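Structures follow.
Here come two complexes built around chain A, the first alongside chain B, the second alongside chain C.
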Partner chain A sequence: MTNITSTPGTDAVPTAGPVGASKSAGRKPDSRREFKAFNGLAHVALIVWALVTAGPLLWVLLASFKSNTEIFLGKPFALPASFSFSTYADAWTDAHIGRYFINSVFVVLISTAGTMLFGSMAAYVLARYKFFGNRAIYYLFVSGLAFPTFMALAPLFYILKGMGLLGSFTGLILVYIAYSLPFTIFFLAAFFKSLPYEIEEAATVDGASHVRKFFQIMMPMARSGLVSITIFNIVGQWNQYLLPVVIMSGPGADQKLLLTQGIAQISVSAGYQAEWSTLFAALVLTILPMIIVYGIFQRQIQSGLTAGAVK
Partner chain B sequence: MSVVDSPATRRSSDPGRSQQNRVTGHAAPKRRRRENGRTPWLLALPALLLIAGLLGYPLVRMVVLSFQNMRLRELLSGRTPPWVGFDQYTRVLSDGVFWAVVGRTVAFTFVSVLISVLFGLSIALLMRRVSRGVRLFMVVAMMFVWALPQLVAAQIFRWMTDSDFGVVNYLIDKLPGVNYQNHSWFVNPWQGWGVITMLVVWAGIPFLAITLNAGLTQVPKELLEAATVDGATPWQALRTIVLPILKPLIMIVTTLSVIWNFGLFTQAWVLRDGHPEPQFQTLATYSYTQAFGQSRYSLGSAIAVITVLLMLGVMIFYIRQMFRIGEVD
Partner chain C sequence: MRHGKYPFIIGFLVVPVALYVTFVVWAYIQAFYLSVYEWSGLGPVTNFVGLGNFRKMLDDTTFWQSLKHNVFLLVLLPIITVILALVFAFLLNVGGGSKGGVTRGVWGSKVYRIIFFFPQLLALAIVAVIFGRVFGPDKSGMLNGLFPDSWSPWLFLADERYAMACILIVLVWQAVGFYVVLFSAGMGNIPTEVYEAAAIDGATRVTLFFKITIPLLWNTIQVAWVYLGIAAFDAFALVNIMTVDRGGPDGATSVLSLMIYRNAFEFSQAGYASALGVVLFFLTLTFAALTLRVTRRESLEA
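Entry: the complex of A and B
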């Protein structure tokens, strides 16, 4: 309606790729001149906001180095008496966080890989092939997004029990993949749609098979979208709590708990044993890998997201 | 009705696509061609099987259960529970408590999404103006929050608002003339929901800000410069240039936020220590407590089915937007 921008000239404006644009953004002096005062305010506002954002994490980080008595002294932002890593060692060994950590890494690695493989194949087919039931299947996948996980817990328990996969990593990984697929397919289908058709057609003319076209042509072209959805899945699966609680039950399952379960365990038992510092150390250990993942892929997240979402 | 309708807007948001696509132009791709052979199906098969078995089957079970009357007795004996038709639904829908929960969930979703999107957008806009160092600092801070498991974030907030040792009480108590020692945040439902909303907004902003900031980089600088030359105020430029271009992305992240916040479970659950009081129940926790706390599995299923239907309403809105934008042909 009030659409002043939709002049035909808009699409003719050459824009750099998402990555390039995000790098050069904000450094340009274009708006600086007239909004100096505003920019000052902006800086202040942002720094305050960043502190509010990071404040709780700072508090956790400080608390993780403190002893129990220090935590309850009532000076939350006081520095700990000594920066010893003994709480971390306690968490790692005594509270079995080390084992759970490795379990989590293992499960998330495999299930994310599986999600991306199956999800991208399905999304590719749904986005690029016309066949009977195409749209219906797409909607079916997408409606999975609205399904509340906890209602699935009881049926899942029986399915896995019937298959003998209860308390096994295989069962958990399959469930993780199934529950990550709707979101993955939803985003990736949109992404595959946006890719050019010419190259694929050329490959068809040259006699490439469907499978080969997918792996050697489409996957590399969709790289940025794949990377950002991979990150979403890594984070989503790393953060899962309800699913492992139900699935990792039965004999021998206590060796196979995941990190989030371990944390819940500490916080439940902490009420009696007063191991709060261990809890905080475990929390920090949980965040660390995600920060590393983000650090590595930060640029792809930004570019991939835009390419997939802004249509 | 919508700006997105006009073909021109569709093109203006086009730079978000991959580079090559612009070379291709927007010519309708040859979708109609029929690829024969079984390979496409085979490619989709693993995903289909997994979803059908592990997501579809539980979903069907849930719907079936909502037409039965499954109580603890049937669960333990394994007998087929009696069929009761729509009884569970009439029971749920005629229950005032249920409607209170629906109202609360909708209100919470509306408020939390509104705040998150407004903040996320302002932060994304501000991020374009600050120097590189500050921006980097912000991105790192946001990554921290984004990477935090919901469970962990909720635990942190539970501790911060703890009545005896919480850092929030400690800080507020520092204000002159305010006594917040041992103040309990969950006695008054407004304050309690304030804490929950804070948590959800706090955890939700990074996704929104980073996504929208990425979208902002797609706004052609030339347009903004032209507007400035023509004497547009920053506010006008924002309203008439930036927002229309960003609109599809805003729609998408808003709808995703609605879906996520509507299904609020973990945060309320952890903050209330696994026993949410009636005034802290959302649709998700209500369904869960009915099903597993009270062993009214069928009633809980009926509530969950209604929740899914409500959410699908939002999804339809979402998908219609995508149609408009021209994504789903």
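Entry: the complex of A and C
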């Protein structure tokens, strides 16, 4: 799909005819040299960037097995003296990574499900039904894309405070859903619009209700779009930092920190004591699951995250 | 057929609209409202100051300093990221040379793409924690650990002169892979015949890049530019987690997003924070509109 390598090139020469063949033969030695040099340089550039990308992550992994003294020795890419998992045990229990992880999974699971349910319901109705106020509601949702979240930060805090939802998972989940709706609806409404009308009409003739048409006909037809935007929302909500920092505050909230907040907090306390090994183990515990999930679903993840930008 | 249409429509819209109006629309309306009040965040909102908050900004050195840093990111983040991503995407897709006129991707391009893209999956908060250590100012930092022992340690984030550059590097590090994949997808949509035809005419790879790839990808580049610009207005997680004294040393890494957060929740200046938010909104909007206008090309629609 993203590759133009698929056509076997050798077949193209004979079909190009005598003129094309003699022409390319004429400049062959020159272009071969150009190609070789270019190809070599290309690999150098790509390998350098791959190292720049993977280097810090590899370093975190190596450091997670080292004692604090070893970390301060320098030699960042030296193997650890021994592979001890005690730093991991510390990170899991003392630094509460396990709890933060479960909190994040819980919140993202419910909020993504909610976003997809409510987002697709609204998008479907706005895309395929004519009624008074349709456009107004649609633009109300889509205009949300133009506003930076920072602008609403203070008011949002006081709205939640007024409702008694500050420091609660319920509040955070509702806010995640609300702030994910503009893009979800924008994307899905366009998708629902592009689906054919014939099947839906046939179902209407057969007496299917509106609700049934939505769940049994439209949702399955919109599967590829739904998958993309679900991945987009899972990654976006999993990586949220600003909203949890604002909302998960106040008394009792330290039990309910999410992973991003938790890691930031471990980093601060590690800094006070200049004791880094637990932090590295915590980072590995955070990153490793993502690498595994990415390894399995990398195609879907790449297309899901870029779907937003391609339109 | 029309039976039960309106109850259905209302039933499907009521929850999403209610959630959206309560937490998003209402919050933004209040932000505009609060921006003309002086309000600590406690008690009734009574002290109307008109444009006082905005006037206060003009005399606020932190505001100008933060704005300067945002502009620094706004200019450099898109340029560097887009150039790197375009080059890498081009190398991946067309770098493999041509066989009988068909240009091909470089060997192993799939593996490169998988590695490059991964940082995009990490939360900026996690990236900030990692790079806080990468830039560690003693031997425990990755870069200082790599430097020869004879060097005195580089301070990186603790040095006012380089702290902002460190922030920029981290943002670029995270963003490049995403745009490599985005541009690769765009390049895949360019018909092979276009490259073949140019190659038969003897075009070099450099010519292909400037004369074919960039013009045909212009729309995608434009979108990338706007996205990266919006990211440059954020950078909150990086500055809040990674920098010395959050925005330091001595305000050297302060940005508008951090200012909004601190005014709202630490300095009891909810009104001023909202005014800053309003300014941020107009800055973002102006930037997006300007980008789309300036980069517009006759044949393409923005």
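The rule is short, and it goes like this: the second predicted complex is superposed on the first by the 234 of 311 C-alpha atoms of A that agree within 3 Å, B and C clash if a C-alpha of one lies under 4 Å from a C-alpha of the other, contacts with A are read in each partner's own complex, and residues count from 1 in each chain.
Please note the rule applied: a residue touches a chain if its C-beta (ideal position, glycine included) is under 8 Å from a C-beta of that chain, and two chains touch if they have at least 3 such contacts.
This is a predicted model, so every value here is computed, not measured.
Which partner chains sit in contact with A:95 here, chain B, chain C, both or neither? Use first/second/both/neither.
neither
Using the superposition on chain A described above, determine whether A:198 touches chain B (first), chain C (second), both, or neither.
Touch status of A:198: first partner only.
Who does A:172 touch here: chain B (first), chain C (second), both, or neither?
Neither partner.
Quick check for you: in the superposed arrangement, does A:246 touch first (chain B), second (chain C), both or neither?
Second partner only.
Just chain B (first), just chain C (second), both, or neither: which does A:281 touch?
In the superposition, A:281 touches no partner, neither chain B nor chain C.
What is the contact status of A:229 with respect to chain B (first) and chain C (second): first, second, both, or neither?
So A:229 meets neither chain B nor chain C here.
Share the list of chain A residues that count as touching for chain B in one structure and for chain C in the other.
Dual-contact residues (chain A): 1-5, 7, 10-11, 13, 27, 31, 35, 38-39, 42-43, 45-46, 49-50, 52-54, 56-57, 59-60, 71-72, 74, 76-77, 118-119, 121-122, 124-126, 129, 131, 137, 140-141, 144, 146-148, 150-152, 154-156, 159, 174-175, 177-179, 181-182, 185, 209-211, 214, 235, 238-239, 241, 260, 263-264, 267, 279, 283, 286-287, 290-291, 294, 298, 301-302, 305-306, 309-311.
Could you list, by residue number, the parts of chain A that touch chain C in their complex?
1-5, 7, 9-13, 16, 20, 23-24, 27, 31, 34-36, 38-39, 42-43, 45-46, 49-50, 52-57, 59-60, 63, 71-77, 118-119, 121-122, 124-126, 129, 131, 137, 140-141, 144, 146-148, 150-159, 174-175, 177-179, 181-182, 185, 204, 209-211, 214, 235, 238-242, 245-246, 249, 259-261, 263-264, 267, 274, 276, 279-280, 283, 286-287, 290-291, 294, 298, 301-302, 305-306, 309-311
What residues of chain A sit close enough to touch chain B in their complex?
Going by the criterion above, the answer is residues 1-8, 10-11, 13, 15, 17-18, 21-22, 25-28, 30-31, 35, 38-39, 42-43, 45-47, 49-50, 52-54, 56-57, 59-60, 71-72, 74, 76-77, 117-119, 121-122, 124-126, 129-131, 137-148, 150-152, 154-156, 159, 174-175, 177-179, 181-182, 185, 190, 193-198, 201, 209-211, 214, 221, 224, 235, 238-239, 241, 260, 263-264, 267, 279, 283, 286-287, 290-291, 293-295, 298, 301-303, 305-307, 309-311.
Could you pull out which chain C residues touch chain A in their complex?
1, 4-6, 8-9, 12-13, 15-17, 19-20, 22-28, 30-31, 34, 41, 84, 87-88, 91-109, 112-126, 128-134, 138-140, 142, 144-146, 149, 173, 176-178, 181-182, 184-188, 190, 192, 195-196, 200, 202, 204-205, 220, 223-224, 227, 230, 233-234, 236-237, 240-241, 256-257, 260-261, 264-265, 270, 273-274, 277-278, 280-281, 284-285, 288
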